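Each structure below appears as structure tokens.
One chain, subunit A, appears in both complexes that follow, with subunit B as partner in the first and subunit C in the second.
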Partner chain A sequence: MNKHLIIDSVKCTGCGLCELACAINKTGQCQPYLARIKIWREETRGIFVPMTCQHCDNPPCASACLMNVITKDPATGLTIRRLEGCIGCRACQLACPFEGCSYDYLQEVIVNCDHCGGNPECVKYCPTGALRYISTAEALDLERSAEAARRCGIAGLVKGDRR
Partner chain B sequence: MKNIVIIGNGAAANSAAETIRKHDLEVPIVMVARENLPEYSACALPDCLSGWVDRSQLFIKQLTDYPQMGIQTRFGLEIKQIDTRERILISDQETIAYDQLILATGSRAIIPPVPGRDLLGNFVVKTVGDIDAILAYKARKVVVVGSGNIGIEVAEALQISGCQVTIVELMEAILPRIFDQEPAGRISRILSDRGIQVLTGERVLKISGDQRVETVTTDCRSIACDTVIWAAGVKQNVEVASAAGVKLGELGGIEVNSRMQTNIDGIYACGDCIESIDMLTGYPTLSLLWPNAKRQGQIAALNCLGQEMAYEGAVSLVAEDIYGITAVSMGLISRALAREEIRVLEGQDNELYWRVLVMDDRIIGMQTIGMSYGLGAVMALMKNRTPLSEFHRVAADPDLARRVAWYLPAQRFLQE
Partner chain C sequence: MSKSRGYAGQILEVNLSNRDSKRNELATKFCREYLGGIGFNAKLISDEVPAGIDALSPENILVFGVGTMVGSIFPTASRTEVSAKSPLTGLFGTSNSGMFFGTQLKNAGFDALVIKGRAEKPVYLFIEDGELSVQDASRLWGKDSWETLDILRKQYPAAEVALIGPAGENLVRFACIENGYYDAWARTGLGAVMGSKNLKAIVVRGTQGITPHSVEGLLKVTGKARQLIESSPFFKPFKSYGSMNAAMPYGSFKALNANNFSQGCLPDWKEDFARPKVEELTHGHIACQSCIIACAHWVEIKAGKYQGLRMKDMEVTPTVSFGSGCGMSLEATVKAAEMGQRYGMDMASVAGVMAMAIELFNRGIISQEDVGYDLSFGDDDAILRLMDDIARRQGLGAVLAEGTMRAAQQFAGGEASAMHVKGLEIPMIDPRGRWSTWSLGILTNIRGGDHLRCRNPIENLRFNENKHDFQKERFGYDRKMYESLDMPDELKAQAIDLENDTVDIAIMSRWAEDLINLFNSVGVCIRPPVEHRIGPTILAEAYTAFTGIKISPIELMQSAERAWNLIKLFNLREGELPEDSKFPRRFYEEAVGGKNLDEAKVQEVLQQYYQVRGWDMLTGQPGEEKLRELGLSNLS
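The block that comes next holds the complex of A and B.
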């Protein structure tokens, strides 16, 4: 996979624009429950975590699928579904620890994030930069500078720090 | 060149074949199976009865997919004997030589020895052929014997398609291997509300009728019906293997080690026909579930190719759709833990009911009725054997919690 959807939960304010952008782009409906990215909100503690498909290397959803509709795309590394085979049994939803599989109430199938074919809608609308769509090199760069900052004790000052 | 022969064409067999092909593009693969059909999903068979899933949708592969993947098929062939010294498989029509053999023979539905069980109108639900037979029979009044997941799904499917359905279960609650009594009672109430008669604690004594099924007699009553569907359990297809000297375990499945090897060199086994180790207890178990079979197929294939890979153990995960209400069971149930000390965390929130079983401060099972966020997180905590005290400590600290934020939805189920 050469591009990643990076989630920085520290920057997320739980505004929900990503959910709306996703739902409108994918289903045409302005309903957050139809989105493929969902924010876990804990208002009292101020924890907001956007959760979506992580496109795991050996995805547990694929092994749980009763109809073998979930596969890894060899070209992009994404976890993709053959939706006409899906019977909506929700086994993949139970196997996924990241809430990456969401039930599409309109088509009665389970869907996951597909990075909108390389131009994710949620990233465009994220006002705080909590969601970013960057290449592997950039992602590793961020990891490195964040780790360096942690080790130097200057967390929070370096670009891309995720605390 | 060495070849690999796979007996079977179910979840385990196909996942083994696909894994071999993914890692080795050249090794010849031969698949042998009794049914002359491409791979289909056995789990969706009841959905096909109700018409929710089209018959053609059941098939995961087409027959032409096999040659495309470089797999030779010998479908419609029943292996009668395995010669482990010469390494050949013997059937009535031909013999097939193998260098390495993967047994994925699966299981078959059993009909207990009850008088009248060969009358017209007795069915099981295990193969596409069974479904075709039931659809062609045009049932009106049906008795489903046994209430495992297949029994419940078939009862629901037939009720939806307009039949009058009665479920007869020997144990005191329905779904005895999958749910505890309390959630089973709730599911039972959903079924009764829709007009399915649920009889528990009753044993079927005989089936009577003139050529066709007319009455089912249990130890409490007799029920007039025209169809009996047996969902009373399965038996592992191990006869041919066991005659060839493959060792069986005490539960009746083929005994394998964690690399899916049997006691005979060059023979691997996976899927319904084996006894695997339960991930949570470490005891042997017969796991008859699709995801476990697929994983075992992968492990057998990798070891067959010489990559050492150990199976992490089987874990049960069952999702039932009962009239649009999702009922989920994962891990173990309290009946399986009768001799252990367990704690039960139970709760109800509007339409959602949950029950978490905790042993030694670790989640060992969970059952819910109604779908919710956070079930995947509980499953992950259960598989990781995370102590609950540790989970609560991390979840209570905002900085730590943020680092494992995907576990937070599990909190609501794990409050004391």
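The block that comes next holds the complex of A and C.
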């Protein structure tokens, strides 16, 4: 997997544009419930966390799937579903620790994020940079500088960070 | 699944007296003429509320009108308008709020919710995907709004809730309807209307989805709108600091409500409420549905008396109303806001009525015996105690809970300290310190003394001049700014004089009011970056792409104007008099910062405004020609 959808929940304002962009793009409907990305809203603590498929190396959803429709795409590293085999039992949804997949009631199947074929709509619409679609090298760089900042006691002062 | 495009397609009508409910299909003609939001509310209320009723009687109806674009991806489209006959002003009561309620209601299948009658005992409504149930709310009655929300949110996960707190139950005339934990449909006392109907809460959850007419068109116009908003010079300041931006310039103009409109600006306002102080308490930004600005802050008080207080706050209106209007400390304004939210009271109004009480106390008209304790500006504890008394209607609180206008009549000479227009407390800005389109808007507002229905989209806060007998304000921008304003060319040339660098207040007021009314109809936010850049042209494009109803920018403005005129007619029917459109006497007679208003000249601008509107110059009665033009001639 050479590109990653990185979520920085500290920057999320909870506006829900990612949900709407995803739903419109995938289903033609304005309905956040149909989105493959969802914001977990802890309203009374002022915390918003966008949640989507993390494309785990060893996905628990695949182990839970009764119909064996969930596999890892060897080329892209994404977790993919063969939807014609899905019976909508939602076992994968229960197994997922990230609430990373959602029930699409239009097709009556469980769906997950597919990075929109390399051009994720949610990232385009995110107004704060809480969602970013970056390469592995960039992602590691980000991790490194965040860790360095933590160790130097200047966490929150890194460029682009509004903590 | 909703078959119509853009609109959910139905209006839900509930009669709480007999628990009947009806679903009325939306007709395309109705949609075109009234758009949604405040437009729907204006039409439904003027048609169905009988003339001269008591606002707290079962005959009053409460309407939740969701803006047309709400639930689409259009930037800042989140707003829902709630209206009823106001128990505070006796006129059209209306208030607008964002967050996620409108999106849920629309996804549940309804563009508007109409509530009639009165339940025998406390109830709440649960609406989910076209289904409605009326549930017993005895266990919730008496609980504050946050406790109630904790219970309802647990019972109905992912639902949005509109509810009232104890103030609404006690029929405090300026009680508000809470929209979740930290937002509200606050002004004009709609919470008391809900309380009078024995309705504690409305829980809404919707999963039906809204199908846009043209997905491609909608995404295209959304991208364009977003680019426009982001390129506004007001965008960055608002994104970083929110609505508190206006507080400092207005402080330096001496144009703030300070100690019940007696000073213009408190002596230590600039230090105590400076940006670094505010930013010390706040972090993070919180958005409504689809908002790219996220003007709200998360506030946490880490030390001192109010340690541990955590909530969304530091919006300019409550902060200035409590902090400057009553002289409270910055931390105490957060506590006051918390109490306002929990009790469910309009903070601008409660601050207004308390500031009046303190002034009457200072003037010796109210004594310590009446209140039970001493009152003074800046005494946080006493003010918070008084707020508590008002919400519970205890002691003097019972009188003050009737609102500034009614309470002032209870005291000899009280009128002189009552800062309201048409019964609605004036918040925040003092027109004496800065005369502008915004200040005239307080006088012409169809809901009374309030600043949110008229604001010059290109207001220039660098200047504060009154060289032209109250008729003009300074434009102060370059040609590019002039050209970027979405306004018909001819009207723009009349409103803005580039040669003399002025804006005509009467013409701009009318345009700003119609524009904001349009925003409140289609459900878009009125924050300056949006108001500056988004105009009828792009909204017409968005409206057509979303709903499939072809409409021109001029028709769109006309629909907004129609609703405004309809509300004015409603107000006149309910007894609004021409002489009600006056500021409190203090604004004409006492100067702040060396300035006061010239009554005759203000009256002249008002008459010009009436003329621009096509209304009678003296009475403000919409003229026959105007009503014919708007298709309202059978109503005059």
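Everything below uses one rule, namely that the second predicted complex is superposed on the first by the 159 of 163 C-alpha atoms of A that agree within 3 Å, B and C clash if a C-alpha of one lies under 4 Å from a C-alpha of the other, contacts with A are read in each partner's own complex, and residues count from 1 in each chain.
Throughout what follows, a contact is a pair of C-beta atoms (placed from the backbone, for glycine too) under 8 Å apart; a residue touches a chain by one contact, two chains touch by 3 or more.
Because the structure is a prediction, the values reported are computed rather than measured.
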Margin query: Once chain A of both complexes is superposed, is A:67 in touch with subunit B (first), subunit C (second), both, or neither?
Written below: first
Next item on the list: State whether A:17 touches subunit B only (first), subunit C only (second), both chains, or neither.
Entry: second
Next item on the list: Quick one: classify A:31 as touching subunit B (first), subunit C (second), both or neither.
Entry: second
Check: For A:125, is the partner it touches subunit B (first), subunit C (second), both, or none of the two (neither)?
Finding: second
Next item on the list: Examine A:56 and indicate which partner it touches, taking first as subunit B and second as subunit C; both and neither are also allowed.
Entry: neither
Margin query: Per the contact definition in the header, classify A:9: touching subunit B only (first), subunit C only (second), both, or neither.
Written below: first
Next item on the list: Return first, second, both or neither, reflecting whether A:46 touches subunit B, subunit C, both chains, or no partner chain.
Entry: both
Item checked: Which superposed partner A:99 touches (first subunit B, second subunit C, both, neither) -> first
Next item on the list: Take the contacts of subunit A with subunit B and those with subunit C, and give the residues found in both.
Entry: 10, 45-46, 163
Check: Quick one: in the complex, what on subunit C touches subunit A?
Finding: 71-73, 100, 103, 107, 180-182, 207-212, 215, 218-219, 283-292, 294, 298, 310, 312
Notebook entry, point to check: In their shared complex, at which residues does subunit B touch subunit A?
Noted result: 14, 39, 41, 43-44, 47, 52-53, 57, 60, 290-291, 294-295, 317, 319, 321, 326, 328, 330, 371, 373-377, 379-380, 398-399, 401-402, 405-409
Next item on the list: Could you please specify the touching residues of subunit A with respect to subunit B in the complex?
Entry: 9-10, 40, 42, 45-47, 49, 51, 63-68, 84-85, 87-91, 93-99, 103, 163
Next item on the list: Show which residues of subunit A lie in contact with subunit C when the two form their complex.
Entry: 10, 13-17, 20-21, 23-24, 27-34, 43-46, 48, 105, 125, 127-128, 162-163
